[in-house]
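Beneath this line is the structure, given in structure tokens, with notes to follow.
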């Protein structure tokens, strides 16, 4: 069963990131990065975060990643970029990602939003996508 | 033009809350509540938050309210209930609202999520809706 | 010397709150409230917070209390009311207190500001002061 | 295996809280409270929080609960009381609990510390314990 | 009317920053920086933040910038430097800026204050101003 | 008496950091760093933080540093590294430091924990210590 949860988590990560050898995902690196100080950490990330929580029914992958990005913007966490990239991978449009971040102005204020937009802008550039604007 | 933004904001609030005389919306009360100490506040809420930000294209009303709920959960703000109610009004299912809040466990921890679920549970009861669960 | 710092702190509290027997200050109650579990706490509040920090030159009492209110609004702390009352005592006008809180919208978002204005409104009512508005 | 993690979590909760029929623990109530809106939540609390994280080797139960209390004080969460009670149950002395909270003044400021001490004081009273003070 | 708010915002930015061709202001760069992903963002910054909020009567420019700096210190935002520079521009003395940041120790703790003082120190150096100290 | 508190603070810093000429402590640098803009700051750090708070009876040095690390992880402050180093100096094992940080996952979420583990990992490397893991 535990092995099931681990495999379920790995499968979910692949599904979210289209990860393969040519395009590895940062989520798997977490395990390697902390193998020497907290070898069980990768288990919690894969089994709990992805195998349990990201695998819950009820909301779509797009909704899950948008919710994640929002939480990271509200907290000013440096992981925003990794999840903006995942957002593009699951099919969020750049307009939806920007729309979600700008929507937060009345709830978290301008500074957090501007910082997050800077990160999103860089990921868009790195991934070669652009935002369709009506102006 | 400013009047346009005010009207645009009022229209957006109606659209989001299905507000009418029989079912008034808490968002309009903000203006009345602070008329004696900050009469311009209602203008900022209506014109900026609803006329500008909530009226932006790019993301749907359902996405906007889910983003709002997420930000309030991450910050532990008491306005969660009002926006869960708005979420139901714009068509978020109770499963989507619960799904969004539970999804936040790996990002904000259990205490914030449990506090928010308590609020959501009360709103669901008040609004007579229930969550379809697979168990 | 330590006694000096304690006396300096008490004097500062009196200066900030116009406290006397008929109008006692909440700051002195802190000591009594925790005498049985942390009797040294009142020393830190009086000596450090008021004897050291509030007694620093460089900014006025009005600036000090406005800075305090701002920090509490940004963090959503329940102590806002006590410091709004102190603000009135040191000569901040109700317009300055409301102005400071409303000014925070672009930096902390609407929910924190609305929560703080509710508290300020109650203190204004309790203290019998009203806000001059241009509308 | 999953059942093992659930049982491991339940055992850990019993160990931490000395829970039995006469003295039930609030942690088990979480499952019941959300059975109708998120029936899987109790699984995450029991299996992940208690079965995985609280069951990790490396730090003692006393250290785990003190770390928990500290995190909740730093964030101003209402769960402080439940964990102060757990702290007493695992053998933290009232002096250690107060010492940990007061130690946070230089890191989170006075308001968060005073709010937390109020909660601790009530739990101490409810549990019939008192703090040995040198003054 | 909307044009009026935009112009009002631009005028306020000029007033706050003494911006001209030889000494441009960072606030105007926000528009350019996000023109390709959120072209309406500059409108919200200029019209709402500066045209509406910074243009409110009730508190002085000096009070507005001090309030802004305080909020950013309390949240640990990287925009502190830009607003310390604006503070000097509107006539806050270096002593007032340092006084405001140091005053926050009892409310946000030492780490946030030390981080902010590091930023202020660099801006003072860059702007060629020094702090008059009594020691 | 004030001199006593200063000396008491210096002694506490030495005790916590084993500081000597060959191995100076970052805590003393705070005073020098801000001597030109806030010369009284070092007094507050040494006298209040170390002379008063770190010198309180009730909890051990190991508990004090673990509490400090926890607060900094919960807030995402850059001072984590300095206090991880102090933790090793007072006798916290690397397993206890990692255990404390990993224990925070259910309370602050994965991103804050991963960021803190990165910092701890670097300090461990710099200090030549390694974590004993059972896997």
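General observations
Going in written order, the chains are labelled A, B, C, D, E and F, and every chain counts its residues from 1.
By our rule, a contact is a pair of C-beta atoms (placed from the backbone, for glycine too) under 8 Å apart; a residue touches a chain by one contact, two chains touch by 3 or more.
Note that the structure is predicted; figures quoted are calculated from it, not measured.
The chains that touch both subunit A and subunit B are C, D, E, F. Under half of the residue numbers at the interface between copies subunit A and subunit E are found on both sides, making the touching surfaces mostly different.
Contact tally for A-D versus B-C: the pair with more C-beta pairs in contact is B-C. Centres computed as Cα averages put subunit E at a distance of 32 Å from subunit F.
Subunit A and subunit C have centres, each the mean of its CA atoms, that are 41 Å apart. Each of residues 40, 44, 48-49, 53, 56, 71-72, 75-76, 98, 102, 105-111 in subunit B touches at least two other chains. Contact residues of subunit F toward subunit A in the complex are 76, 94, 98, 102, 105, 109-112, 114-115, 117-118, 120-121, 124, 130-131, 133, 135. Subunit F makes touch with subunit B in their complex at residues 105-111. Chain contact summary for the complex, subunit E toward subunit A: residues 30, 33-34, 36-41, 44-45, 49, 71-72, 75-79. Only residues 1-3, 5, 40, 44, 48, 52-53, 56 of subunit F touch subunit C when the two sit together in their complex. Residues of subunit D touching subunit F in their complex: 48-49, 53-54, 56-59, 63-64, 66-68, 70-75, 95-96, 98-100, 102-108, 134.
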